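Consider the two complexes below, in which chain A is the common component and chain B and chain C are the respective partners.
The block that comes next holds the complex of A and B.
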């Protein structure tokens, strides 16, 4: 059971592969030994450097700006990630982000907020995953490796934020950048395919009120880090000490 | 007489066995340079894709030469627009060697950007 995880997490093997791949890119064509060839690169562009642990992606959501009844962020997420299937049972539909309306029974104050994967620093979903499919990238984005997810849904049980969904039916017409299919668990990826291209997540871009801020928590000059340093913010269920990447204001 | 008949039968069956199943017809509809010679691609494409997928997903390395989307963009049929189906580039060989393809359970097998993030069925 531990074999695939060991293989994937073995840093020396990884570095060797990555280094040789870079070598192949710079040299053009490489033959290490008879029968052991490396890729001849026809496309000139070099691969990107990848996720860095110097970066910690995070999101700040100002719930005082978030309008009840508005679900632009949910729609943008569904469009970007190709979540468009019709499900027989509404409870089985995938929710990468959902809107929640809250009411304080004492004061009667109502507010609304989007809830999604909180991209924990210490993610319980990663702790419980028996195959190593639930994983956290160096830049703090928590993902499911569908190639080795067996669909046991243990992570769904472990997540305190109900952030994960299971795909119950065969899918077609996926976004080529966002593969998803039956039998795997999935959740918000911070639109990793956009973030890696230097874009913001679709929900952040779509919010008409500008209630969502996305950025690098580790960069003191970033908008999000400056605001977190100067304004009050909350982590949902901070008592769990999971080190959330998503922070809220006004709750 | 019996021996001759037996020999004939043996010869016939061995010829049939040699003939085997019909070879796959591989159509390259967008000829150009692949990322490696054909012989190497035939032998190693699965290894290339497997290591690339792990680097992309786990380390966030994008834009490598080996990429399933790039395979599709070149090898999708011009009329069908896909690498799957009866005459699909991937399907042809995989049917011949009886290796199940489950890439398309999750990945989009059609070429082009017309499917990029539309969120609706085309």
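The block that comes next holds the complex of A and C.
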């Protein structure tokens, strides 16, 4: 028993063990630090809470300001969401937002407007989705869960606004914040990746005429809620009573 | 139909048919693999016409599968002895065709690899979701029903099992019709009529398939179907074909009466090009009027060939009607802004066009190949040739009732 005690009481050996321990701890700390740092970063960037049902995101589009031939909103959407694939047949390409030109055959009055997912309160796409991949967040944003979409396209048959696209071909160079994939259905997300950071959807920011207003319909002090309270607006296919998050003026 | 009774020629013919069926199936599966690998860009489907040729084949097979089971139901549930001898074949065809239809739908999915997701995530508000319960249930109930038919010890249970299968098949076809009936967006759909219409379509198409298979099996075995039995079955087919025609007429008349639907009806009935030709030529003329003529005109109605031709034409009509119903409804633009002229980069306000690509068509035929091969092997291995005891039938009065 005395020999080991002697060995451990040996000052030089004790110093060596201590130095080794400190060195190992330091190495360990160096090895763990990046991971700890990443955890901190991810915690910092993650929303502190999920979507709140107190908020109802909505959009108001003034078609009297929307110019025919202008597609700044469409371009901004494509850039923000990484919709950059080339397709031979345009009908097989994704169109999260598209411009529609309208003409009243009797009066000849014309106007133009952007059409996208109307983020219905009672979305037919959510009703018909067999797996629940089509879903509505608590704040009213209608999304597709890419992990459980099986690509049956029933939601596309059900959408009265033709707002959904099916990815027909392999994709490359995607925006990491906006995962997309061949064989799944997708549509306007109100740029949820921006909204969750307190930003407006890309189309709203890009509109040169300021024809698009985005905000919380439930907040009586928001710009959109005040305007909807005081100005006339329309829901497209209001007869379907789907409770749309997107309202139009001038149609 | 014992193996030892078959001549060498019949043996070879069976293997030839099995090989042909398997080859068609293999080509269909290959086409599905190609679509899965390349994406739906290699199909004629797009973001306007989202369901195409595979769905025409699949819906036909699913609807006819539930209809072909009626032959068994008439025997077990409604006590018609004549049809009892046909029950096992009816059950086999129902299982083979439903499996084939479902395989087509699954292989056409954008993410066919996620079938397990479809089975483990159920949205109860979805008609597709309900169908994921109805289809496996059909397999289970028809399987049990066939057991009660084929196992002598289980025979006493064949009536309740047959009743359960009959009720389930009505639910299943209601579900298939409601896939479309519950769609509020498209002009051609959103109608409660579609569920009963699909049920009566299944009666006609299923019986037509059964009569074709029955005729082929009798010919193969050098047997002749008794003329009275043929007469009874062809009268039933005629009744079903006429009933489908009635539903189709009422469906279109209803639409014609609604101003908001007249543009769509004009497209289908008058100006729709291939769709109009398929509706009038394929469905009305070839698929309805000509079969009715063959089944009821005294000059033809007693001939075995006429009845076979009529049943075949009913299937031509079925495919024509489904093509118009599924594709025609999608190429017609959605009425997003009623009363306005619209144009856009995405076919708004315009009639779209759809040309099915080869892989889509091959996938559809692959499904037919699956049903054909499964049936050929099934009737070969099991004793499914309807054996009619004519004397017994006549004595019991079942040839007359």
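Keep this in mind: the second predicted complex is superposed on the first by the 204 of 251 C-alpha atoms of A that agree within 3 Å, B and C clash if a C-alpha of one lies under 4 Å from a C-alpha of the other, contacts with A are read in each partner's own complex, and residues count from 1 in each chain.
Simple rule for what comes next: a contact is a pair of C-beta atoms (placed from the backbone, for glycine too) under 8 Å apart; a residue touches a chain by one contact, two chains touch by 3 or more.
Note that the structure is a prediction, hence the values are computed from the model and not measured.
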**Partner chain(s) touched by A:50 [first = chain B, second = chain C, both, neither]** = first
**Item:** First (chain B), second (chain C), both or neither touched by A:223
**Value:** neither
**Asked** Looking at the overlay, does A:102 come into contact with chain B only (first), chain C only (second), both, or neither?
**Response** second
**Request:** Once the structures are superposed on A, label A:170 by its partner contacts, choosing first (chain B), second (chain C), both or neither.
**Result:** both
**Message:** Is A:179 touching anything from chain B or chain C once the two structures are fitted on A? First, second, both or neither.
**Reply:** first
**Message:** I'd like to know which partner A:209 touches here: chain B for first, chain C for second, both or neither.
**Reply:** neither
**Message:** In the overlaid three-chain picture, which partner chain does A:87 touch, first (chain B) or second (chain C), both, or neither?
**Reply:** second
**Prompt:** In the superposed arrangement, which partner chain does A:231 touch: chain B (first), chain C (second), both, or neither?
**Reply:** neither
**Message:** Please report the chain A residues shared by its interface with chain B and its interface with chain C.
**Reply:** 170, 182-184
**Complex interface listing, chain C residues touching chain A** = 38-41, 46-51, 105, 109-112, 114-115, 117-118, 121-123, 125-129, 131-132, 179, 182-186, 330, 334, 336-348, 352
**Message:** Give the list of chain A residues in touch with chain B in this complex.
**Reply:** 8, 14, 17-18, 21, 24-25, 37, 39-43, 45-51, 78-84, 135, 137-139, 143, 145-147, 170-184, 192, 196-197
**In the complex with chain C, residue positions of chain A that touch it** = 87-95, 98-105, 115, 124, 126-133, 148-154, 156-162, 164-170, 182-185, 236-237, 240, 251
**Request:** Please give the residue numbers of chain B that touch chain A in the complex, ascending.
**Result:** 33-37, 40, 44, 48, 51, 53-55, 57-66, 69-70, 72, 105-108, 113, 115-122
